[in-house]
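These are the structures in question, set out in turn.
In the two assemblies presented below, chain A is common to both, partnered first by chain B and then by chain C.
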Partner chain A sequence: MNPYRCIFQMGIEKSLEYRVNVLLTMAGSVFPVVLQTFMWTYLYGHADAAASTGYSYSQIMIYTLLATLVSQLVSTGFAWQINDDIRQGGLNKYLVRPVHYGGCQFCSFLGEKIPQFLLLLVAAVAVIVFSMAVFGLTLSAARVFLFVISLLFALALNFFLFYSIALISFWLTDVNQFFGTVGIVLVVISGGILPLDIFGEKAVFLTRLLPFGYTTQFPVNIINGRYSMCMVGTGLLCQIFWIVSFAFLGELLWKKGLRHYIAVGG
Partner chain B sequence: MAVINVEHLKKEFSYYRKETGLSGSLHNLFHREILTKEAVRDITFSVEKGEIIALLGPNGAGKTTTLKMLSGILYPTSGRALVDGFIPWERRNEFKRRFSIVMGQKNQLWWDLPASDSFYLNKCIFEIDDQQYIRTVEELSELLAVRELMSVQVRRLSLGERMKMEILAALIHRPEILFLDEPTIGLDIVSQQKIRSFLKYYNEQEKTTIILTSHYMRDIEELCERGVIISQGQVVYDGMLSGINHLMGDKKVITLKFSEDISPKQLAPFGRIRECRCREGVLELPREGLRKTMADILSGLPVEDFTVTEVPLEESIALIFRKEAVS
Partner chain C sequence: MRKYLRLTGVFMKLSIMSQLEYRVNFISGVAVETGWMLVKLLYVAVVYRVGVSIGTFTPDHIMIFIGIYVLMTGFYMLYYPNFTGMGKMVQSGELDMYLVKPVSLQFIVTLRQWSFPMFLTNMTAGTILIITGWHRAGLPVSFLRVAGFLFLLVCSNLLTYSLFLIPNLLAFRTVSAAGLDSATAALWDFNNMPCMIYGKWMQRIGTYILPVFVITNFPGLFLMGELSPVMFLWAVVSPVLAFILARVLWKKAVRSYSSASS
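What follows is the complex of A and B.
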C-alpha cells in the first residue's frame, strides 16, 4: 500500500479512537448558531436590517447555518501538532524516513476529517432540506455539484494556509496562543460567522481578492445561489490559484525552516 | 571497509542567557544576548561494517548531536560525514532506507494507535513485501516477547514495552546501519537485559553496523568491543574498551576476605586501599609485580578468600571525563 494511503487510513482510525471528541467538537458549533439565530431574529424584528445588509431574514439564516457547517468541515487542528513536532523534536521520525512531512500531515488531516465529514454530511442534508422547507431555498443539481467541488478545494486551501502558518514555529518557538488568535480571526475574515458582503463594496472587493473568503464564504454562496455561474467559475480558478500559491509557500517555509531546526532533547 | 566516516564534524547552536527571576525575563524582553555553543567541536572517527561501537561521554558531550547529524536530522556547521556512501544531511531516500535511529527519550510510534499500525506504516513507507514483513514482525516480536502487546495502544504501554516496540519498528526494513541513542534509559534490569541480548543476537545474525550511546556500562560491556569517548565535543579516546584500563595505569582490583579483623594500617603497605571494613578489604594494585605482592599478602595476612578483577570500566571512563574536564 502507498504510505500516504496508509497514513490516511491511520488518520481515520485515530479519529475513530476519539469519537467523543469528534461529537463534542461538532456539538460545540451548535451554540454559536443558536446565538446568531437569536441575534438575527432580534435585529430583523426591530430594524430594517434587510435594507442595510442586503440579505433577507431567510437568506441570512440559510447563510448562518451553511457557513457554520462549512467552517466546521474545513477547520484544521494540526497547527498545534506541527508546533509540538518542531518544538519537542517529534519531526525527527519523519526526517529519517523516505516520506514528505507535509504530505503525511495532509493525508492524516484528510483521514481524520472523514468521520467528521460523514456526520456533517448528514447534518448538511438536514440543514438544506430544512432551509428548502422553511426559508424557501431552491437548489439545482449543478449548484450542488459545484458546491461539493468548491468544498474540496476549500479543504485543501485551508490545509495549506494553516500548514504555512504552523511552520512559523521554526522561527517562533511557542506560538500556540498565536494559532488560537489566528484561528478566530480567520473564521471571521473567511465569512464563517457573518457574510462579509454586508460590510459594503470594499469588503466584497477584499473578500474576492484575498484567499480567506474562498475557504468558507465562497462555497456557501454557491449553494445559496448568491453567485452567478460566471462568478462560480472565476472563484474556482481563484481557489486553485491560492491552493498552488500556499502549497509553494509551505514548501519554501519547510525548506528554510529545516535549517533552523535544532531537534531538541535526547 | 569503513561504512561510516566522520571527519572534523562540528555543530554550533545559538542560544541566549536568562538570569534567574522576573527581572531577568524583563531584561530579555528588550535585549537578548545571543551566545553560541559548540555542541560538537571536532569529531573524527570511522566504523567498520558489522561493528558495534559505543559512543561515550558525559551529559552534553555531543553524542546525541553527533547521531542526529549522522542520521541527517541536523545540518552540521562544518565537517564531513559519509554513511554508507551518502552525505546524511542531503536526506536522500536511498540513504533513509539503509539506516534507522532509535532514541530512548523520543517516541517514533503513533501514540494513539497500537504499535502494529506503526509497523504497518513502516512496511508501506519502506515498501517491504508482505511475506518478509510478516516474517520480520513474527520473528522480532517473539525475540522481544511483545507479541501479546501488538494490538494495545502505544500510550497504554509501559516504558520498557514501548522501547521494545520502538526497536521493532526501527528494524522492519532490516536496516544495514542502526543508531541507538540510550535505548535502555529508564528501563528495569530485566528489560535492559532483554534488549541487550536481542541487540547482540541481531547484530550477529544480520551483521548490522551499530553505534550505541548509553550511560549503562553493562550495555557497553556486553555489546561493544570498541568505544569512542567524547568530552566537550571532541574525541578523547578511540579504541578497544579493554585498552582503556591500560591507558589509565593498568591496575587490578583485589577483593580480600580475612579470618580476623584487619586494620587499614595492615593493608596500606601493599597498595591503595579502596575499602577496609572488619574482615573485608579491597585493594588497588599495579598489574606489574602483582604475583609478588599477592604472595606477600597471602603470607603476611590471614587471608581466607580473594578475587582479582579489572578496574570497572565506568571508573576508567569517568577518570577520562574528569581529566578532560580539568585540562
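What follows is the complex of A and C.
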C-alpha cells in the first residue's frame, strides 16, 4: 500500500479514536459565539454599527456563526509533534525511510481533518439554512461551491503556514510556548474571533495583502455575500499563491534545518 | 490564620523562584498571555469603533468593565494551575501525600502553586485599562470610592475562587475533565463585555443563580456610582455563600476519594 495513503488512513483513525475530544472542542466554541451574538445584536440595535464596520447585521451574524467553525476546521496541532520529533530524535525513523517527512505530516493532517470536515459541513449547512430563514441570506450554488473550494485551500494554506513555523524547531530548543503564542495571534489576525476588516481601510488592505485572512475570513466572507464574484476569484488566486509560497518556504527550511539536525535520541 | 498567610507567602516565594529558574519559560508565559490579551482588547477596539453606549455607559465606562475583567483574569490565573492539576493528583494518587500534612487539604491543594507570568500580564493591562477608562470617563476619585472598589475586588476574588472550584471538584469522579475545563473557561469569558448587553433572564441567572456577572460588573458599577445598596450587599454575601457551598462540596468530594496509587 502507498505509505502516504496508509498515513492518511491512520490520521482518520486517530481522529475517530478521540471523537469525544473533537465533539467537546467544537461544543466549547459555542460559548464565544453566544457572547458575540449578544454583543453584535446589542451594537447593531443601539448604534449605527453597519456604517462603522461595513458589515450588515445579517453578514456579521453569519460571520460570527461560521468563523468559529472554519477556524476550528483549519486549526493545526502538529507543530508540537514536529518539535518533539526534532528535539527527541523521532525524525530519524522518517529519514531512513523512502518517504518525505512533510508529505507524511500533510497526509496525517488531512486524514485527521476528514471527520471534522464532514462534521463541519453538517454544522455549516445547519447555519446556512438558519441564516436563510432568519437573516434572509440568499445563496447560489456557485457561491457554495466556491466556499467549499476556498475551505480546502484554507486547509492547505494553514498546513503549510504552520509547517514552516514548526520547522523553526531546528534552530530553537524549546518552542512549545512560542507555538502557543503564534497560534493565538494567528487566530486573531486570520479573523477567527472577529472580522478584521471592520477596523477601516488599512485593515482591509492588510487582510487582503497578508496570507492570514485567507485561512478564515476569506471563506466566510464568500458565503455571507460580502465579496463579489470578482473578489472571490482574486482571493482564490491569492490563496494558491500563498500555498505555493509557503510550500516552497517549508521545503527550504526543511533542507536548511536538516543540516542543523544532530539526531539526538530516537 | 497567621499560619496560612505565612504558608501562602512561602508558596508564592517558591513559585517565583521556580518560575524564574527557567527564565525563557517565564518570558514565553508572558508572551502567551499577551496573545490572549490581544483577543480581549479586540472587544475594546470594537466598542470604540462602533462608539456604542450601553444605557448611560459610554465606551470609556465599558473600558473600565473590560479592564476589571482582565484584572480579575490575572488574579484567577494566579492559582488556576492548581485547579487544572487536581485531576492528575487524584489519578496518580499524589493527593495521598497532602492528606497527611498538618494543614487544610483544600488550602494546600488549591493554593499551592502560583503562576506569576499570567498574573503580571493581566494585572498590568487590566490596571492600565481601568485607570485610562476612569480618567477618560471623568469619574471622581475619592478615598471611599477607591476603598469600596478595592473591597469589592477582594469579594470578587473570593467568589471567583469558590465558584470555579466547584466544577473542578468533578475531577474526583471523572477521568478527564478537559471538556469541563473548556466550558468553565468559556463561562468566565462571558464577562468580556458588561452584563447589560445580555437579555434580562440571562442577567438574572448570571447575577443570582450562577453569579459570574457579580465578579467583574459589580466593582465597576460601584466605581461609577451605579451600584444600589441591595446589590452591594449581594456582592458581599454571594462570595460567602459560594465559599460555604464550595467547602461543603469539597469535603464531600474528598470523602469519595480512594487512593489510586500503590
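FYI, the second predicted complex is superposed on the first by the 265 of 266 C-alpha atoms of A that agree within 3 Å, B and C clash if a C-alpha of one lies under 4 Å from a C-alpha of the other, contacts with A are read in each partner's own complex, and residues count from 1 in each chain.
Methods note: a residue touches a chain if its C-beta (ideal position, glycine included) is under 8 Å from a C-beta of that chain, and two chains touch if they have at least 3 such contacts.
Predicted model, so just to flag it, every value in this text is computed and none were measured.
Participant: I'd like to know which partner A:128 touches here: chain B for first, chain C for second, both or neither.
Facilitator: neither
Participant: After lining up the shared chain so the two structures overlap, which partner does A:95 touch, if you call chain B first and chain C second: first, second, both or neither?
Facilitator: The first partner, chain B, only.
Participant: Would you sort A:238 into first (chain B), second (chain C), both or neither based on which partner it touches?
Facilitator: Neither: A:238 stays clear of chain B and chain C.
Participant: Now for A:42: first (chain B), second (chain C), both, or neither, which partner does it touch?
Facilitator: In the superposed model, A:42 contacts chain C only, not chain B.
Participant: In the superposed arrangement, does A:166 touch chain B (first), chain C (second), both or neither?
Facilitator: Neither: A:166 stays clear of chain B and chain C.
Participant: Could you tell me if A:223 is touching chain B, chain C, both of them or neither one (first, second, both, neither)?
Facilitator: Once the two structures are laid over each other on A, A:223 reaches no partner at all.
Participant: Quick one: classify A:194 as touching chain B (first), chain C (second), both or neither.
Facilitator: Once the two structures are laid over each other on A, A:194 reaches chain C alone.
Participant: Between chain C and chain B, which one touches more residues of chain A when both complexes sit on the common chain A?
Facilitator: Partner with more touched residues of chain A: C.
Participant: For chain A, give the residues common to its interface with chain B and its interface with chain C.
Facilitator: The overlap between the chain B and chain C interfaces on chain A is empty, containing no residue.
Participant: Quick one: in the complex, what on chain A touches chain C?
Facilitator: By the definition above, chain A touches chain C via 20-21, 24-25, 27-28, 30-32, 34-35, 38-39, 42-43, 46-47, 49, 52-53, 174, 176-178, 180-181, 183-185, 187-188, 193-194, 198-199.
Participant: For chain A, which residues are in contact with chain B within the complex?
Facilitator: Those in contact with chain B are residues 1-3, 5-7, 10, 13-14, 17-18, 89-90, 92-93, 95-99, 258-259, 261-263, 265-266.
Participant: Quick one: in the complex, what on chain C touches chain A?
Facilitator: Going by the criterion above, the answer is residues 24-25, 28-29, 31-32, 34-36, 38-39, 42-43, 45-46, 49-54, 178-179, 182-183, 185-187, 189-190, 192-193, 197-199, 202.
Participant: Contact residues on chain B for chain A in the complex?
Facilitator: The contact residues of chain B facing chain A are 13, 64, 68, 71-75, 91, 93, 96-97, 99-101, 103-108, 110, 112-113, 117, 120-122, 124-126, 153, 181-182, 185.
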